[in-house]
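Reviewing the structure listed below.
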Amino acid sequence: MANPLLQVKNLHTVFPIQSGEVRAVNGINFNLDRGKVLGIVGESGSGKSVTAYSILRILDYPGNISQGEILYENEDIVRMSPGEMRQIRGARISIIFQDPMTSLNPVYTVQNQLVEAILLHTKRDRKQAKERALEMLQLVGVNEPQKRLKQYPYQLSGGMRQRVMIAMALACEPDILIADEPTTALDVTIQAQILELMQELKSKLGMAIIMITHDLGVIAEMCDEIIVMYAGRICERGTAEEIFYNPRHEYTKGLLRSIPNFALSKERLTPIAGSPVDLLNMPRGCAFAARCDAAMKVCLTEQPEEISINENHKASCWVNVRDTAAEGTEGRQANG
Amino acid sequence: MSSYNPSVPPEKKPFSLQLDPRMFEPATAEEKEQHDVMRESTTFFKDGLRRLFKNPLAVLSLVILGVLVAVILIAPLIVPYGYSQIITVNGKRDRTAANMRPLTYSTLEQEAIEAGQYVFPHIFGTDEIGRDYFIRVIYGARVSLMVGLFASLIVLIIGLLYGSVSGYVGGKTDIVMMRVVDIIYSLPDTLMVILLSVVLGQILGDSLQGTVFAALGNNMISMFVVFGLLYWVGMARLVRGQILQIKNNEYVLAARALGAGPGRIIRKHILPNCISVIFISTALQVPNAIFVESFLSFIGLGVQAPMPSLGSLANLARSALQIYPYKMLFPALGICLIVLSFNLLGDGLRDAFDPKLRR
Amino acid sequence: MLKYSVKRIILAIVTVFIIALITFFAMNAIPGGPFAKEKAPEAAVQAVLEKRFNLDKPVGEQFFLYLGNLLRGDFGISLKTGREISTTIFESFSISAFLGGMAVILSLFVGLILGSTAALMRNKWPDRIIIFLTTLFVAVPSFILATLLLLIFSYVLGWVKVWSVADQNYLLPIISLALYPMAYITRLTKSSMLDVLGQDYIRTARAKGVKDWMVIFKHALRNALIPVITYVGPLTAYIMTGSLVVETVFTIGGLGSKFVTGINNRDYPMIMGTTIFLATLMVVMTLASDLLYKAVDPKISFD
């Protein structure tokens, strides 16, 4: 089998600030195959967006990748020159952001911003680029595309802007589309439309998608694989089915319990107690231990390693280790 | 299951059975709490102070201002000269005591020293009519600082009252009050200061004689009046903006729902939340006032002679600049040091207490 | 936009009217009035004054007559020189306008470059040097700065000739006038630029693969300039009042030094005329910068 389209290996991203080093991403690994959809889930500050920005190397100051490799078609993005990197951005890997209200430059028209992306990465001339821009707007379902081209972002609604963002991201037919919480800032009805649009475009254009969200429910049906992140580490990964119906990390369980439409209607929603870990002072052991109901002594001192639950499912939780160990030694008694 | 040997630390092999089973006992709540290495939780104020004291420039300017205030307060107690006192030796006026260089003595003083008398040195020399320049600079700094602080205080009080009423009451009152602010805001302040200083100086005439304000003179009073009339609008806008923003927060609504009166809401909920912004803005008003004072001194509308201010001293020094450049240097350095310190302190306060205020 | 412009223009007219009102009545509040007999040097001047300012009429009427004269460009005559104030203003204003204009251009040009540089090289040595110098410059009153420049470059080093009517060397006056606003614009540009560079649309541009310098020039600078435009109004006001000081220090015969002389002489018609003239100019400049601000910023709603 050929190597995956994108391989992230032991990625560490840090933000050195005055009072120390904010360790936003702490050694994560994942692969993305051509045409697949990968979901990354986690609460705010879990390192989802930083992972996405690391892949495109568009980290905000003073963030930088301190360790690890990001292989795109077997070439390491981390070691690319700025020129090579620009050939990747927008052309091979593109991204759409959380807040369409602020992601478009307020002083330029929609056309200006769309054409810019097209001219940068394709051999089209200005006129062809304009045609392409129009075509893209039609593709993403913007009404009155001719008129919209001439408008400024502030004249468009949120959903419309996100469609423009998607058009811009897909204009050069990238292999990978990173969607960084594309629906969080939108109304619920618009959210569904945008997700539908993305699925539709995926089947039309065949790009791979990295779907970042804090809302498990949003991506359930779309993703081939889901990664659950906490404090810059991957705590669980697997198919959507495994993650939803067989969660094996206490954090994932907590996350599922706090989704309104997922929890059984008669049950109370259970929020995860406590607050996210301080990335400036990462604790030893499992980062989630302090908030975890099932925390054991080992969780406080040792970081759990990722173990396979089955071929479609891996988790990094000491509980699994304990249970496996228990099965190994007491399996007979338990069975008998 | 292998036996556990307490003296051998367990190896980290997650899949092996060599793990210490005791490690898999549930962790207690305390253990979990210790594990959660959160930064010690502090109050907003403490946290701000901590950040302020981590800022070397802010600390330096605090130290400079502290030393300056100490010198200003202590020096007049030590130096035996007055700011308006022409130097005399044993009751005799000494013509040679004018325009002396720093740390030199006049002919009469020299004689007195030779006769065994102690003459306090003229650290910065003397001015053109034989007054000790050091003590004049000290008093000048005192006046400039007082002017700065007092003017800022006036701005603070008026702006705070006006802005909070306007912001809190809202509606038509707010619209009318803000129109007034708009108009005052669009008046060119420096020109109005000049105009009003000219006029008030004439109107007040001798009416201040015998009051505590006499020493400062009409011009300074005019300046305070002008600050009270014009410069408060910026503060009023700031306060109103803050109040409007806070007023609509849920906790204020909650307080109102519980039956809290407007006075209580302003005192308990609104002021504590905008106090840092207001405080920072006031600190930054001080150098502004000192600038205006030195500007007015320059065009001849400053403090009343013989009272010195740093601005008027620097201005007086211009006439003999080539001969006595140091006379310019001392008050000029004084102004720059004070203004710089307040600017840096204000910036430091802003960064420490309200990073969002950066504009 | 139109509604906003009309509103702003009306406010500007009201402001100018209020300035004239304050100026006139403040001057009339001076004991004996601004045209008190003992102030006038000669009976002839006094006679002209009485006629010009309609001193025989009630104060209210005097004001409106004065206002009417102003609109016709008649500012009255100086108590000291007996000359037409309008002549003095227009003669000397060209010098001040040149000086001020150059200072505005210099401060904007250098300030924008330094500010952007500081933002782009944040926390590196160019940023630190720029911020150190600008912090220093905003702490020095303009008359001290002007005097120091004069002392160092003209008297001590002898590099630049002192300004004279015959040899009009504007270099030092322009620099002393421009340094403070330049420092201010630098700081303003830096913070505005940093603010813009942290915006999502900059990340979008980078994610598109736009070259770094294009990100700066196309996407960041235009947005970063918007707050700077709002400073152009206060900037011209600052430069105008600064010119009072700088012209006096360098003994340049512009409107600024004429105004200061007028103040020192208590030449009330001159003070009145110049105040209203300069104030009107400032209001107009502020109006212009506000309108420009609205014009370049499409994201602002015109309510």
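When the chains are written out, they are named A, B and C in that same order, and each has its own residue count from 1.
Basically, a contact is a pair of C-beta atoms (placed from the backbone, for glycine too) under 8 Å apart; a residue touches a chain by one contact, two chains touch by 3 or more.
What you are looking at is a predicted structure, and each value in this text was computed from that prediction instead of being measured.
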- request: Averaging each chain's C-alpha atoms to get its centre, pick out the one most distant from chain A.
  value: C
Message: Top contact pair of chains, counted by C-beta pairs?
response: B-C
Query: Whose Cα centre is nearest the centre of all Cα atoms in view?
result: B
Message: Suppose each chain is reduced to the average of its Cα coordinates; what separation in Å results between chain B and chain C?
response: 26
Message: Measuring centre to centre with CA averages, how many angstrom lie between chain A and chain C?
response: 53
Chain A and chain B, separation of their C-alpha mean positions in angstrom: 48
- line: Residue set of chain B touching chain C in the complex reads 182-183, 186-188, 190-192, 194-196, 198-199, 202-203, 205, 287, 291, 294-295, 298-301, 311, 314-315, 318, 321-322, 325, 328, 332, 335-336, 339-340, 343-344, 358-359
- prompt: Okay, in this complex, where on chain A does chain C touch?
  reply: 53, 56, 58, 60-61, 82, 86-91, 94-95, 97, 99, 102-108, 116-117, 120-121, 152-154, 165, 168
Query: Mind pulling up the chain A residues that touch chain B in the complex?
result: 18, 274, 277-278, 280-285, 289-292, 294-302, 304-305, 307, 318, 321-322, 324-325, 328-329
- prompt: Can you list the residues on chain C that touch chain A in the complex?
  reply: 122, 197-201, 203-212, 218-219, 222-223, 296-299, 301
Query: Residues of chain C touching chain B in their complex?
result: 11-12, 14-15, 18-19, 22-23, 26-27, 29-31, 135-136, 138-144, 147-148, 150-151, 155, 191, 195, 227, 237, 240-241, 244-245, 248-249, 260, 263-264, 266, 271, 275, 278-279, 282-283, 286
